[in-house]
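Presented below are the structures under discussion, each in the form of structure tokens.
Okay, so chain A shows up in both of these, paired with chain B first and chain C after.
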Partner chain A sequence: MTTTTTAPPAGAQPGTPQTASPASPRKRGHRGNRTPGEGRMAALLLSPTLLVLALVIVYPLLAAVHQSLYRAESGLDADGFVADVESFVGLANYADLFVGETGRRFLNALGNTTFFTLTTVFLETVLGLCLALAMNRAFRGRSFLRASILVPWAVPTAVSGLLWRWIFQSDGIANTLLGSEILWTAEGNASRAAIIIAEVWKTAPFIGLLVLAGMQVIPGEVYEAAKIDGAGWWRQLGSITLPLVKPTLLVAVLFRMLDALRMFDLPFVLIGPGKESVETLSMLAWDESNQLRYGSASAFAIMLFLYVAVVAIVFVKVLGADVTGAKELKLISKKSRTKATRTQKAEATR
Partner chain B sequence: MTISDLRNAAKDSGASGASGAGTPGASAAVGRSGKPKTGKPKKQRTWRSYSVYVGLALIFAYCLAPFYWMLVSSLRRTADIFDNTLLPAPFSLENYAKVFDGSTMFGQALLNSLIVAGTTTVFALLLGVFAAYAISRLNFRFKSVILGVIIATSMFPGIAVVVPLLRLFTDLGWINTYQAMIVPSLSFAIPLAVWNLTTFMKALPFDLEEAAMIDGCTKWQAFRRVLLPLAAPGVFTTAILTFIHSWNEFIIALSMINDPRIQTATVAISKFTGATEFQAPFGEQMAAGVIVTVPLVIMVLIFQRRIVEGLTAGASK
Partner chain C sequence: MRQRRRTWQTLLATTASLAVAAVALTGCGGTATDAKSAPKAAAASFEGKGPINYVSNRDASGAANKSIEEWNAAHPEEKVTFIELPDSADQQRQQLIQNAQIKSDTFSVLNLDVVWTSEFAANKWILPLPADAIPTDKMIPATVNAATYRDTLVGAPYYTDGALFYFRSDLLKAAGIAAPPKTWDEMKTACKAILALPEAAGMSCYAGQFDKNEALTVNFSEAVASAGGTVVDAEGKPTVNTPEAKAGLNLLVDGFKDGLFPSDAITYLEEQGRRAFQDGKLVFMRNWPFLHASLSATDGSSKVAGKFGITSIPGTDGPGVSTLGGRSLAISPFTANKATALEFVKFFTSEEQAQKRLALSSRAPVYASLFADPAVVAKRPFFPTLLTSLNNAQPRPKVVQYGATTKAIQEEAYAAITGKKDTDTALNDMQAKLTELSAK
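So, the complex of A and B:
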């Protein structure tokens, strides 16, 4: 939509047919004006990034898969000393995810993760939309508003966990204001509520900002036309604003969901590790690796990775979230292609 | 530049469209409790501006109240930490003095955070600028695939990196070193940088570089002398965002480090324990939290426009 903000190609001017630089004669390949030099240069420029990513993402992923097939067991080594021996156990670590004590913890963590993700993302989206609608109408103090809305976003999650733990102390400000005596930071539903409140506080402004940006590129004429046609505020919201911010909102919701699925810092600092009612998959995997049970920790991490991947794929394939801006890229190459054809035509008319 | 121009234009037209008082229901944007208005337009207008201000005040309170409470609590004395007054009754810097008294090594932790976040940002930008140039300016096969892969890596759950690397770094003897935090941090910093820079560079017009190449510049010279200066604001914004993300990083630093001399500030404050076992040192924790957050808040205040632009550039197309 706003992708066409780049200036239209000026190649059509009669005086500049040389835009295809004479030094590198462009071969018109099967897909656009690609030159062999460009491909080589791209490979050269991209390879450091891809190499580092392979090192910090692909290698750990493969190592985790490998590790998840092993299990450390205490045994006697060759000299008769007690030692940890790693033995290949196949898919046993994965089978254990659904039975016994490990299974109970895993399913509990899976449930918590899903619960937190759904509730926080839902509340954030609703609240973020309201924030964006309110900000879109504010003309005075907009920059001050924008600065203050960035504060929750900028507060480190660990600090926000600490901050909310202080607010939710048994004799803290939350209980004073509510006149209640809830033990927010112990186990139970109150601690879940505390996590949700703290998470929504921190992230709703982020969604609000993204949605606001989406709203601000809707031309005013559309609303004027709707007004002339007699559409009320709700009708405008439902028929213009929401459909037009939907692509933005979809991307924002996807990012928030993926972030919420790997939630770790907040429950870790706010409630603490090893609390059943708030333990997420990330916390469980961390706890396992802390106990040096790398095999099951890796299995948990892999399951979380698969979970995240499935959610991302559903969003991109089924709901059509345009995350990479692929449409935009196509537009660019199309633009340069038309430019090239124009150049050719100009050369032909000479 | 062009993007912000267009946005401003759209903003203005949107503003004029919205302010052209017309529909009765329009004021419901902020104050939904508003009854359907049948009064004179003038009266309706004042009511609406009030409702807008109420809405704004609510947003301010929502965003700033928890942070304000942290600030106020940090300025109380330990004895009145449980006071509920809106201002610290006897104003005291006692907590700040305690945070820096040496036993907690909090100053060292701040320095560590600066080193780790700074190095991560520099590396991510260095790699990101070249990758973003290739993606936004060059034509090559598998371009969307590569960008897709880079963005997909940013969705990677941190724990799936931490568990295997913890093992590897233990074997390498990297536990309690800076590189044990910097290298894993690149896994989220690089995708962030590449993506942001790509969006910025795509928004810059091709024509200037083309003109430079017509004038005899090579592609590399056009990149270095024309595109890079133009993209400098984008690079700067990306640097801020990457720095904030790395500064706020927690799980990697928590897992890779157990030596208080190397740990970063976010981990250090989460491990603050007081002299007594029964009472957590909330005042000190709040003071430390304020210290960790204030640099970010100052950055946010100064560069808010850029940060918002950077945050929203990728998502709103």
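So, the complex of A and C:
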């Protein structure tokens, strides 16, 4: 305790060090100077949050891992009632993911999930960027456009799935407009296309709005300078807009990827459960649990969890997406520090 | 320093009390479950009166609502609320099972499809009914059998269903065909003549329900049975690798291959088929009787009102074999008001209510006497045909693992009719899957 006595700022009441200490963060500075007492205090203050996190995240996760090691050997007793005996099978549920019928379905679902994630996120990003560029210009009715572009994102996915199902049914408007007779909701590539179209329609605005927010903090002077130097629109886009908007874009893309990896409701409502060409990992896990096979359902879910986790980690490490806002915080504190010194200097000169 | 220590103590105390509160909460949860599971032991006694929920598929005719209104008027303290489930039978089953698994008391009286009887009874998700509660001797035997699990009645038969073969009588007449086809070959011949007519331009011959759904299991079972085969024999052993089963599945496969069925019939459920027939796009259709009323609607919504007839579905040598459909009411063991639930089930499935519902609904009652009532037949001209169909009907596989069984059937039958697998491979794979399931 005594080690905390880094000279209290003048005017601080003796005996109230804990109110005084936050007032001198600049002097204390970085992590290394933090005392053990402060660390313990921080841990204590965080403990309710950690407790809640453990309850809603860690516990279900561990429960799923535990469940995935068991398998229900359902049989009928003499009276014809189901006698569910859960027996420990070790990693057998995981081993089954790569062999036989279950293996085929799992790999198919894994392929579908990856395919949908890559295609939809790519298309959304391109489309979202275009939307943001369009909205970033000053024109009449801009705010109206911005609000209306959010509508697809605001519609619940299940509802938009239903809407698109009507559009894509055999005598629906999609076939009428195209003059075609494509069976969008049957198995096949058409159903994949239907999913991609509906998903991009729904989520491109999300990327668009995030990127737009990123674009609006780019100061106008940068563009003015570029104009004076004779840079054209494309050059400005490539050398100013995209590099400066990159941190926001990366975060948006990461969010979308994690979202797309656990895609469930859209293929389920739009095409229907049990259709191989659009079955994703979440749908497979759901279907297994629906057949009351909770062990293998948990194994599917854990695999999906690991897949999502790996993608997230790789994305953050390789592309350096600034998810937690750590870099931004640093920038802000740097700015405020320089501002503070500037005002101090100004006061001094006065 | 002292003050800081005091703060520490406060924090420690807060955290500790939070933890205590959490433990207390879980404790409360525990007691609540105990309290809930207690009456389960005394389930068969049917105690407790009060409001209940009736969970059911949609009744577009409003007849079920009328019965419920009548009950509610007479029993203001034991009101019944109608909870409507989605149209898809798969989704209905999922919701019912999920509620049973969490032992939710929201669902009191369950409207169960006949094929779910074994699964729900074996898992103790429904209660066995008292022996004398339901007048089973007056009901069509097949419907009572369908609501029975291991010699115990677990459901009160509510309505029954058999397939009907809808045909365009005006077009048959125009093509000079005297009687509706009784076999698939006769149907093909009739179609050839009819589709050559100018007024039949752009029409297709036939459609059933072929989307990957419970309805596909129905259509597959009917095709197999109509060709003289079975899906599962009397001992519960799968028999889909027989020549009869192959002939049955080939009827559907060839129907798509030869353009007898519209190509988008692969996306048809009951409703899509109705729309197509009602809009005059189909000459023949296999569907349930409940469509009869909307097809004969004279308010302009149906283009085929007065222009269609019904008969038994076609087979290979004579009339085909329908699947037994229909519903029964069962009582959840997790509901608090079991006495009310039982009384309501008795009331709802009584002959009197069944007769009253006939005024609005074309759903077939389970009481054979109502089919013979001339006043009813005058209103529902398809009833004699349906009774024939019902007397000839075969159940779908009566197995506990019905969910996985029907899934395997759908998977393989869909692969065959979409041309992904040839008939032999699909049926062999189906046989293997069903054998594995029946062993459990």
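We adopt the following convention: the second predicted complex is superposed on the first by the 268 of 350 C-alpha atoms of A that agree within 3 Å, B and C clash if a C-alpha of one lies under 4 Å from a C-alpha of the other, contacts with A are read in each partner's own complex, and residues count from 1 in each chain.
Criterion: contacts are C-beta pairs under 8 Å (C-beta built on N, C-alpha and C of every residue); 3 or more make two chains touch, one makes a residue touch a chain.
Bear in mind that the values here come from a model prediction, so they are computed numbers and not experimental data.
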| item | value |
| --- | --- |
| Partner chain(s) touched by A:L45 [first = chain B, second = chain C, both, neither] | both |
| First (chain B), second (chain C), both or neither touched by A:A64 | first |
| Contacts of A:Q291 with chain B and chain C, given as first, second, both or neither | second |
| Contacts of A:L183 with chain B and chain C, given as first, second, both or neither | second |
| Touching partner for A:G272 - first (chain B), second (chain C), both, neither | second |
| Partner chain in contact with A:D171 - chain B first, chain C second, else both or neither | both |
| Partner contacting more residues of chain A (chain B vs chain C) | B |
| First (chain B), second (chain C), both or neither touched by A:L107 | neither |
| Chain A residues contacted in one complex by chain B, in the other by chain C | 1, 16, 18, 41, 45, 48, 55, 169, 171, 290 |
| Parts of chain C lying in touch with chain A, wherever the complex brings them together | 1, 3-4, 7-8, 11-12, 14-15, 18-19, 22, 90, 94, 97, 121-124, 149-150, 211-213, 263-264, 266-267, 272, 275, 400, 403-404, 407, 410-411, 414, 418, 420, 440 |
| Chain A partner contacts - residues on chain B that touch it in the complex | 2-3, 6-7, 10-11, 13-20, 22-30, 52, 55-56, 59-60, 62-64, 66-67, 69-70, 73, 82, 84, 127-128, 130-131, 133-136, 138-141, 143-144, 146-153, 155-168, 183-184, 186-187, 190-191, 194, 199, 202-207, 210, 213-214, 219, 244, 247-248, 250-251, 254-255, 266-267, 269-270, 282, 285-286, 289, 292-293, 296-297, 299-301, 304-305, 307-308, 311-312, 314-317 |
| Sites on chain A touched by chain C in the complex | 1, 15-18, 41, 44-45, 47-48, 51, 55, 74-76, 79-82, 169-171, 181, 183, 185-187, 272-275, 290-292 |
